[in-house]
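One chain, chain A, appears in both complexes that follow, with chain B as partner in the first and chain C in the second.
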Partner chain A sequence: MERENRLWRVILLALPVAVFAAFVVWPLASSFYYSFTDWNGFNPDYDFVGFDNFLKIHTDKLFLNATINTAFWIVAAIVVPTALGLGLALLIDSRIPGGPVFKSIFYLPICLSAVVVGQIWVWIYQPDWGLLNTVVEAVSGENFNYAWLAKPDSALWSVILAWSWQQTGLSMVIFLAGLTTIPEELLEVCEIEGAKAFQRIRLVVIPLLTPATVVVIALNVINSLKGFDILYTMTGGGPFNSSDTLAMHMYNESFKKYLMGYGSAISVVLFLIALTIIRLYFRQLRKVDELHG
Partner chain B sequence: MVDVALAFAPGRRFNPWPAVIFISLAVLALLFLAPTAGVLLSSIKTTRDIALGQLWTIPSELFWGNYAEVLANPAVHRYFLNTFIVTAPATVASIALGSLAGYVFAKLPFRGSNLLFLVIVSGMFFPPQVILIPLFRLFNAMDLIDTLYPIIIIHTAMGIPICTLLMRNFFATVPNALREAAILEGANEWQVLTRVALPLSLPALAVLATLQFTWIWNDFLWPLIFTQSDEKRTIMLGIVNLQGQYSVAWGVQGSLSLIASLPTLIVFLFFQRYFIKGMTMGAVKG
Partner chain C sequence: MITLNRRRVLATMAVVPALLLGAPAFAQGGDVTLTHYFTGEFGLKIFNEQVAKFEAATDYTIKNSPIGHEDFKTDILVRAAGDSLPDVFSYWAGARTQFVVDSGSLHTIDDMWARDGLDNVVAKSVADSATMYNGARYLVPFNYHYAGMFYNTQVLADAGVTEMPTTWDGFLALCETLKGKGVTPIALGSKNRWPAQFWFDYLLLGTAGPDYRAGLMNGSASYDDAEVKAAMAMWKDLADKGYFAANANADSWTDASDKVARGDAAMTLMGTWITGYWNGLGLEPGTDYDFFPFPAIADGVPVSVVGPVDGLVISNDGENRAGAEAFLSFMMSNADVQASWTGAYGALSANVNVDPANYNVVMQRVSGIVAGADNFAFNYDLATPPPVAEVGLSMFSRFMDDPSKVDDILAQVAADAAQAFTE
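On to the complex of A and B.
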């Protein structure tokens, strides 16, 4: 019996493990390997350059710039969709009519592609007839032509807002799922004991939502590291690299300048950042499991 | 369920809170819909109207010329066909492979299977950029650049983590007694998987079909890297490309975006419940 089981394990696992190993694990390992070379993307040959690519990271001002932008991007991706998603979830979870309709409306942007979301928001920020400037003009009564995406001061934040618009729905549904696990009796008891609505939310609901919050934050951070498509379509990392992130910088160095060795080094750094976050996430999950059972 | 509306209601006095909540939600919903509505409005207007600054107003008459223009463009047909050629097999293959692995992790665990499971699942957390260059080199060496094969293969491989995770979690809820009974009747593991476990897991399959279809259809990065000629472009790449061709024809761009989003919107509306559940399941149990 056990021997038969062993055979079946091999038969069933062979294909998925082989595909995963060949096209995910092996390339990941190779990225480390190529980060020590000067491969240019065309020549089959390359030389080993030791730690040169990593030393270059130290002096690459654009890398520092991209890292700072990525940090902003991650922080904003934590704060905005998480806070908005929680607020929306709490509102929808109160027994108002039309809850499912609201849920769908806030969730809808998630199924649009980053390219389409990018295009939509390029129009909103369009200086002459974009929605944002039209509203500003209507409110202020003055002519307003600020080019949100073409100014280094506002480009990154403008893309972050578009990104948050798309991601909020995801945070919201996870919070809604978390809210269903809070026993109603508990809140009734609180009410009888005289706790005000805001006290109940602050002292009971939010602490009990911790597992959902951990998931939402981790997911937002991980998704934000993947944020490439929307930047590519909205700003291309510009103007003057003001909205460059690590993913974008990696793409530019590898596929615009054909510095694949250096690009690999950047992707190694990106991998290490993701790994750190994932480890923090799993550790938090374990803590939450211990607390909440 | 947390009943905020009730929570706000002390005694039997007039309670304004449900109304306040409803109105704030309605305002927020309008704000959320405004961007999408803008595209919808643009797609039924002439370029001239939009240039005159009337993109965000309700048009007095509907103009279908933008849709006609997009639908008559042979490049758009090709983009759509290419995207289907990529999305359909990659969706099916990733779910099939995830089911195989998920079944072993749920029903035939072995020493070290938890570790292997974790390694596979962690694959869904990494930015795709970290495997981009070696894959480019690999497919270049195989002379597959500017074909659709690399995109199909990559989406299959990158889909394995989420498919394995959800299928394992779902198979775990299939009672062991069912498997044992089937095996006593002389069935082998393959028959248990295909005739017992999978038919019982239709909800999970629906979840994954929706998720994978949406992600692969909407993807931009892999086609950007692996295709070069217009013949092989997928629809999302095509949108960006046609933005140059229709640079001031905003209405055409808008209708193109909507047409390109239609398949995922339809899938979303049909499987809405499954889609949301899948997102939460994948996330909460990760």
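On to the complex of A and C.
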């Protein structure tokens, strides 16, 4: 009986393991392999170049630019949706009129694909007739046609705003779920003891929301690392690399310059960065688990 | 165990010769896999009609996989990496095809070219520039385009312009006239970078000539040479005078085309595919829009025309080479296919048997301009290796963002391009 169960376990595990191996492990191993070559993607012949691709990374100005942008992207893509999601959750939880309706509206963008969200915001940012400039014109009464996505100073931040618009709803829903676990009596006691609303939030609600916050941050970290499609749709890394992230830089080097070996080296570095962030996150998660049981 | 009897022997005697006789017919048919980027709503429909003509004329079946223009560049590389290139795919003649040829991914078509007499079909100028790589033929020029100054006829008429400029001074005067009438002279949609390349191409070809430009494209000249600085200075002059519509980097080529079509700008430097786009919007060639060639700049410099050639190539690891060759030969040499395709797609045919009367009035004049030019040059991103093209294309959008930084931009690009040529 036990032997039959073990056989079933192996059979049932075989398919997902095979899929994981084919679509995750094998491409990952291939990237490591090609990162040590000068393969151009087309030519079946290539040479091993040792660590040349990794050494080139040190002198690649665009890599440095992409790394800085990636750091901005990850930090902003974590902080903004988390903060906005928490704020909206607290507002809706305070039983404002129409709360359930607002909850649905704010959650809606997460149901859209990043490409659709990107295109919506491309229209919003359009300099001549986009919603944003039209509103600015209406308020200021002056002609305003700033090209948000075409200017290097604003392109990345404009995409981060669009990204945050989409991701905030998810954070909000998780925080709302977390808020339901906070005992009403505890908040009433605080109120009786004279704690103001801000103090209640800072000293009671936010600490008790730690498990939800960990989940929100984890999801935002993972989603931000995957945030290639919205950047590709909205700016393609431009103008002139000002919104390049490491994923976009890897794509450009591999598929536009046909430097597949170098692109693979960038992907390896990106993988190691993601691995480091995820390890830090799991370490933090363990601490939270120990603290909150 | 199979036992022999008279019926089985007779059946075998009948079937075996039939199979043997049928074998050549089977070898001449079968599926031919095809991937291409002719995917605009209108273009795809017309292209599919031409494919249907091939299928009707032969025993082959085309397994057709159209992919959007920009995605195609990635897709074909991914398929090459996975050894799964289709039998036939469309590709841009010039440096990109050279790159694929150097990678050993293409099948030479010299035998097919000679067997099917394509020397008598393909215009020599196009055949010489677009089909030969490393001394062998690899590509049939399915169609080609030309970049010219396309304008809104009503806007120019309203501004009192009756004569189109043929010199640089005349062009500057036209821009000044338009600006004085409150019309934005030039629309440029450089969001995707490549539309800006035609300005660089024509200014450099018109001042430094095709030989110098060829040197810049192959790395023997530098982006901080006086010739490049002079061409960029002329471009900067246009920008400084406010002749370009604001926020070029925010607009795609269709946005810029729309501005001209609506009359928000007077003209745009674009390839002949704009005629297909405008015709699709219901604009009437020669009535609603027209074109003039990029004006001559310096005396004694050969007249160049610029544009891409869309080719069809055969992959080295395809499974139906006979079918692939039959497809290329048919699509190139069948005058009806060429006429239908180029007439509808807003392109020119390299097939000498296509009657120019097939084109609309604008394209007929384009055809004459191209035929009379001294030199047909591939546009920038098809003339220089892909890693260098990436550097240059970014330069154009940087320049359009802030033309005052042109010297810094050129110094940087000179270093980056030199590096890219070594990759």
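We take it that the second predicted complex is superposed on the first by the 292 of 293 C-alpha atoms of A that agree within 3 Å, B and C clash if a C-alpha of one lies under 4 Å from a C-alpha of the other, contacts with A are read in each partner's own complex, and residues count from 1 in each chain.
Keep this in mind: a residue touches a chain if its C-beta (ideal position, glycine included) is under 8 Å from a C-beta of that chain, and two chains touch if they have at least 3 such contacts.
Predicted model only: the values in this text are computed from it and were never measured.
Q: With the two structures laid over each other on chain A, which partner does A:229 touch: chain B (first), chain C (second), both, or neither?
A: It touches chain B, and chain C stays clear.
Q: Is A:41 touching the first partner chain B, the second partner chain C, both, or neither of them?
A: both
Q: Applying the document's definition of touch, where does A:255 land relative to chain B and chain C: first, second, both, or neither?
A: Both: A:255 reaches chain B and chain C.
Q: Which partner chains sit in contact with A:239 here, chain B, chain C, both or neither? Use first/second/both/neither.
A: In the superposition, A:239 touches chain C alone.
Q: For the three-chain arrangement built by superposition, which of chain B and chain C touches the greater number of chain A residues?
A: Greater contact footprint in residues on chain A: B.
Q: In the overlay, answer first, second, both or neither for which of chain B and chain C A:49 touches.
A: Once the two structures are laid over each other on A, A:49 reaches no partner at all.
Q: Just to be sure I follow: which residues of chain A are touched by chain B in one complex and then by chain C in the other one?
A: In chain A, positions 41, 44, 128, 254-255, 260 sit in both the chain B and chain C interfaces.
Q: Which bits of chain A are touching chain B when the two form their complex?
A: My answer: residues 5-6, 8-9, 11-13, 15-17, 19-20, 22-28, 30-31, 33-34, 39, 41, 44, 88, 90-98, 102-116, 119-121, 123-124, 128-129, 131, 134, 165, 170, 173-174, 177, 179-180, 182, 184, 187, 191, 197, 200-201, 205, 211-212, 215-216, 219, 222, 225-226, 228-229, 232-233, 246-247, 250-251, 254-255, 260, 263-264, 267-268, 270-271, 274, 277-278, 281.
Q: Across the complex, what residues on chain A touch chain C?
A: The touching residues are 40-45, 126-128, 145, 147, 149-152, 236, 238-241, 252, 254-260, 262.
Q: Which bits of chain B are touching chain A when the two form their complex?
A: 1-8, 17-18, 21-22, 24-25, 28-29, 32-36, 38-39, 42, 50-51, 53, 55-56, 97-98, 100-101, 103-104, 108, 110, 116, 119-120, 122-123, 125-138, 141, 153-154, 156-158, 160-161, 164, 188-190, 193, 214, 217-221, 224-225, 236, 239-240, 243, 250, 253, 257, 260-261, 264-265, 267-268, 272, 275-276, 279-280, 283-284, 286
Q: Which of the residues in chain C end up touching chain A in this complex?
A: 73-74, 77, 80-81, 83, 99-100, 102-105, 191-193, 246-250, 386-387, 390, 394-395, 397-398, 401, 420, 423
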